[in-house]
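The structure is given below, and queries will be raised subsequently.
Chains: A, B, C and D, in written order; residue numbering restarts at 1 for each.
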Amino acid sequence: MNAMKNPRIIGTTAVILLLGLTPLAFAQENYAMRVITVGMCAAIAVYGLNIILGFTGQLNLAQGGFFGIGAYGVGLLTTDYDWSFWAAFVVSVIGTAVIGYLCGLIALRTKDEYFAIFTMAIGFIIFLVISRWEPVTHAHSGVNNVKFPEGGGLVDFESPVAMFYLVFAILLICVYTTYAIRRSSVGRTLLTIRTSEDLADAIGVRVGFSKQLAFAASAVFGGVGGGLYATVVGFIGPDAASIDKTFEFLMFILVGGMGTVAGPLLGSMIVTFLFELFQDFQAYRFIVLGPIIVALVIFAPRGIVGYLGGFVDKRSRRRRAEAARGADDDLDSTGASTSGGAGDHRARNLADGIESGAGRTGGTPSSEETK
Amino acid sequence: MNSVSRSRRRRLSAAAVLGAIALTATACGGGGGSGEGDTVVIGYTGPLSGGGAAYGENVKIGLEMAIDDLNADGVEVDGNPVTLELKSLDDKYAPSTAASNAQRLADQDKAPVVVSPNAGAIKAIQQINSGRSNFLVSAYTSDPAIVQADNPLTMMIPPNFESYAEEFSETAMEHGGKKLALLGTQSEYGQQWTKSIKDAWSEAGGKIGGDNSVDYATVSDFAGPVSKALSEKPDAIFVGGPSQPTALIMEEARKQGFKGSFLVMDQAKLDEMATVTKLDNLKNSVGVLPVSEYEDPGTEDFLKKFAEKAGEKKVPTSETALNYQGIAIIAKAMEAAGTTDDPEKIREAISEALPDVDDKYKVNGFPDEITEQGHLLNPNLEATFLNEDGKYTKVPIEQVSDEK
Amino acid sequence: MTLFIQQLFNGLALGGVYCLAAIGLTLVFGVLRIPNLAHGALYMLGAYITYFFLTTVGVPYIAAIGIAAIMLFIVGVGLERLVFHPLRNSPHTHHMIAAVGAMFFFQALAQAIWGADFRRMDTPITGELRILGAEISAQRIVIIVTAVIVLALLALFIKRSIHGQTIEAIEQDRVGASLVGINPSMVSMLTLGLSALLATIAAGLVAPINLLSPTMGDALNLKVFAIIILGGLGSLPGAIVGGFALAIAETMTATYISSAVGEAVAFIVLVAVLAIKPNGLFTKAVQR
Amino acid sequence: MTMLEIRDLGKRFGGLDAVKDVSLDVEEGQITAVIGPNGAGKSTLFNLVHGFYRPTAGTISFKGEDITHSSPHRTVAGGIARTFQTTNLFDDSTLLENVLAGRIVRSKSNVFDAVFHTPRHRRESRINEDKAMEALEFCGVAEHRHDLASNVPQEVQKRTAVAMALATEPELLLLDEPAGGIPEEETVDFGNLIRSLPQRGVSVLLVEHKMTMIMDLADTILVLDHGQKLALGAPAEIQTNPDVIRAYLGSTAQEEN
């Protein structure tokens, strides 16, 4: 269990280091810095999606809306109300958390497809409020001249490099939090829910409460990403909260790898890069990009990190499994042999009647209750 | 066994896909950036896909036509011949993407000028165009907020839309009556127009019903909104959004028995609307003058060239014509400034370049001055009233100040 | 009062539009549990192909719709084979994003072929009817009537025909269906083909009252999802009630409250209903 | 001492009584079995005890405390664990990870502990791992701990399910057909595992169809039919109870038709 030898950790660290060093190469390239910084803002929101979708398995389609709330919170507070960026940022994130928690209260009553479409409706309502509530949000006119973060005389965040490192630092916190969650009992709780809510219930997991927290946490990350996005781009319009943003995030997490630590970051960067790359095709870029998206989903369904991680895990697991079997040879060996079909040798006695009668009983409570 | 080979095949195909992407990436990355020093890139970011694609394409045609004509005539800056080259990027109408695109055009393609046809996008671009990056925004929007921002590197092409409201109101009242219904689109621009028309109409002593604005892009059936607007028994209706849906709304209103007059927002062009509905439905409307009704020295040739390029069926609009003019002005300003890579000097030189622009580029109300904030002003702005006989009569417009 | 009746008819017509668009989607979503976000794009493609045969080739209106419907059936089958079939064991997220990719592709393709400009499709069905002082065009009456007839036929098809029963069997019990020898792969193809075909009929009828553009399906997409979820997944009566109810709610709120609320009302109703009945209106109660 | 006390328990599903008027005492340190024909309400009874279903009548108390309406989370935290009829494991996790999931209910550390790597978090991680390993070893599947749940034989899966339940540190374990699907020759081994549970301080409530195994293991047997009590008593009494024999012969006859 030596962390230093785990290829996953090495890979993630390498990606982060590489990203952290990009300003060395591109400091003069405002365009590259901008695209990467905006991509990182999205990545933060994608880390939120990773908690609710990747870990907990709930397809939340309101993430674009939460991103928009964060963005508009910072945007409106720093302009119309002339707050400092930091105050606005903190308040927006708290606001997103509260709204996220409240939405979760109702949304999590629904399940599966209903949950997905329900959250899509929430996301769309958020978008409609932002794009129609003219007196407060300025609707389609957008919010102009969002403040830069105050550097307190130490840092000038108007510099793209400083801004890059601000977003980078917050992104790092997200990556680390994801890592910490994943290997803790909190992460285990969420993964348990993802695999089977009934089984989670059976081992005493507080399913509803945990989902609720995961939903709120994902909204918070969305708000953080949105708030940073507002200050990075300086002008925000209702498109910051649109359903397209949600699908963009989904694409990022899917390409990167759901439920992985490095996936959201890698996915965001790679898809952003692809989108920029194919800009030269202008209107026709989606004739190429559309099929690429489909192909990625089909051929790398667990995303790039999931795909690479699959190899690594398999190898190391096999090694560990073999080691465990070798070392424990003296312990027990009941599992070694499995011969014969399950029902071949039935004793012809009283019990037999019961057994054969039980051929197709529903097992888990859920399958019994849906009858 | 079978499943093993299947999963391996799958993994191989995944690797192939990833590999292909990586290859394309390097191939495209290597291909960029031509070496010739006498080529100047004019950047364009606009909606080339998605809901605004038609609009973005119209602008692009104007830019292409201008650049073709200018290159054929020859542009000479500081004694050297210069070739103009258009580089277009798609922003799907998203302001943040537009700003990224503009930054890319300025950084990678060294474009001194970037054209953008949407107010939100321009506002986002104005966050970055005069600071670390330096480039001139050729702004195709009639929203005066663009020039109110005091951005030193902005050139606003169309007239301020607020100029129209007063004259539109008076004309419509003359041909209709005092009661107005509002049925414009729910876009940024539509909302601003609605507000402006509301003010002008009340000032002229008219009455206004409820605001029935709907998003033209998402409404599946216009019958409902139209019925509601007509229930107030208006004498005139304000409509407007993209030409074709606007035409549909007017058709529906006529079908439901509306006899009064229409005030048509400048985004919709009466001649373009006539391609999707009968001219009868459009009569008794005040709107902007179709390009084909202009009598500028270059208009006729422009119409011919446009038909060659875009086909006889397509109606030339001011998006195309005004951007055609705009690029000609910029090219002349480059010549006057003697530089292709100093946006500040180019911007400064626009004023002196205006009178020198060749007549052939004057097609759609050519400006004779540029304000300090960067607004090109056409001295004889005219709108039109489409009368009962289906004839366009001109309505002179007095331009309002850009100040708030 | 006239206004109310007029808006009631307008709402019914709009409901017809929503129902027609929703039927195909509710089949796919209900039977295969695929949230096919590309449904709007299929609808768009159906409209353009109808337009092509009607205007460019010059075949009669009904025939144009028929030809386009058959072509779209093939497109639907192709979509199932190339996109959804390889993903049959993946979660929703994958289907959704793959469908978004397909949607992007179809939109770009339509723009490449027909351009970005709006197009108008003419219809031979002209004229208006006056009922109780309200005015309603013949085309809209055709839409309402077709919506009801198609839904009835579909219900019948599912009850009577072998294919239909197959679909229903799968809907009720996927594993069971494959055990009794029904080929789920065949059913998937059939269902997607059928949904594309139905989308084309909807598009052919609805397009004349609006405009054609590569993004014409977008506006419908979200609302149609709201409708079928509101009614309850896979429930045909649910789709009808959901479609008409939301359309009338939309028209009426736009008339008597404001157009902005009218636009949001579909989603507000959805949120409210699901908050109370988490499984939609027409799903059999699940006990716990 | 009576561990679990069920009194007049009832559950109606839309007019149908799945369980009706059932009373049962589960004694500490004993193995109590519930048998009955298919659809007799055995699983429903389990779900009621576990808190998965809310009873429509009657009460349940555990160690003298009323748990009639408590949620599964509270029931498990209170000391009742369960396994499912069909093996239920997290397929793409290793056995160790599976059993660690059983530790969730005993974990106190939260996200902040995880993020800041607090001593509490470290201490807990260590304890969790130790307890999980202990449970795996107790169930005899420790050697498979790094194998994926989906890759091990059925019997190992069943044992792991028990280990996962044990990891929650229960005082009462509800086993729903723990030996279902296990080859006959291995049920003896499996029976030994169950028999060893009371020595560990875990009382057992068991549903099982393998009669020989039940008769061998159980201290008390409750027979259910159509949701109601048919008989209650020691194995020997049950085997000779005429009602029970009739019920089972009936179901066998049906089976043969």
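In this section, contacts are C-beta pairs under 8 Å (C-beta built on N, C-alpha and C of every residue); 3 or more make two chains touch, one makes a residue touch a chain.
On a predicted model such as this, the values are computed, not experimentally measured, just so you know.
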{"item": "Dominant chain pairing [most C-beta pairs in contact]", "value": "A-D"}
{"item": "Per Cα centroids, the chain farthest from chain A", "value": "B"}
{"item": "Chain C-chain D separation of Cα centroids, rounded to whole Å", "value": "48"}
{"item": "Cα-centroid distance, chain B relative to chain D, in whole angstrom", "value": "71"}
{"item": "Distance between the centres, which are taken as Cα means, of chain D and chain A, whole angstrom", "value": "35"}
{"item": "Multi-partner residues of chain B (each touching 2 or more other chains)", "value": "48-49, 53, 57, 186"}
{"item": "Of all residues in chain D, the ones touching two or more other chains", "value": "13, 53"}
{"item": "Shared-contact residues (touching 2 or more other chains) in chain A", "value": "132, 283, 285-286, 292, 369"}
{"item": "Footprint of chain B on chain C - complex, ascending", "value": "2-3, 6-7, 10-11, 13-14, 17-18, 107-108, 111, 115-118, 120, 128, 135-137, 140, 206, 209-211, 213-215, 218-220, 250-251, 254-255, 258-260, 262-263"}
{"item": "Parts of chain C lying in touch with chain A, wherever the complex brings them together", "value": "29, 33, 35, 82-83, 86-87, 90-94, 96-98, 100-109, 111-112, 116, 222, 225-226, 229, 233, 260, 263-264, 267-268, 270-271, 274-275, 278-280, 286-288"}
{"item": "In the complex with chain C, residue positions of chain A that touch it", "value": "53, 57, 59, 106, 109-114, 116-118, 120-122, 124-125, 128-129, 132, 243, 247, 250-251, 254, 258, 283-287, 289-294, 297-298, 301, 369-370"}
{"item": "Residues of chain B that touch chain A when the two form their complex", "value": "10-11, 13-14, 17-18, 21, 24-25, 28-29, 48-49, 53, 57, 88-90, 93-96, 99-101, 103-104, 106-108, 119-120, 123-124, 126-128, 131-133, 145, 149, 186-189, 191-192"}
{"item": "Residue numbers on chain A that touch chain D, as the complex places them", "value": "176-177, 180-181, 183-189, 191-192, 195-196, 198-207, 209, 217, 317, 320-321, 323-325, 327-329, 331-335, 338-342, 344-347, 349-359, 361-365, 368-369"}
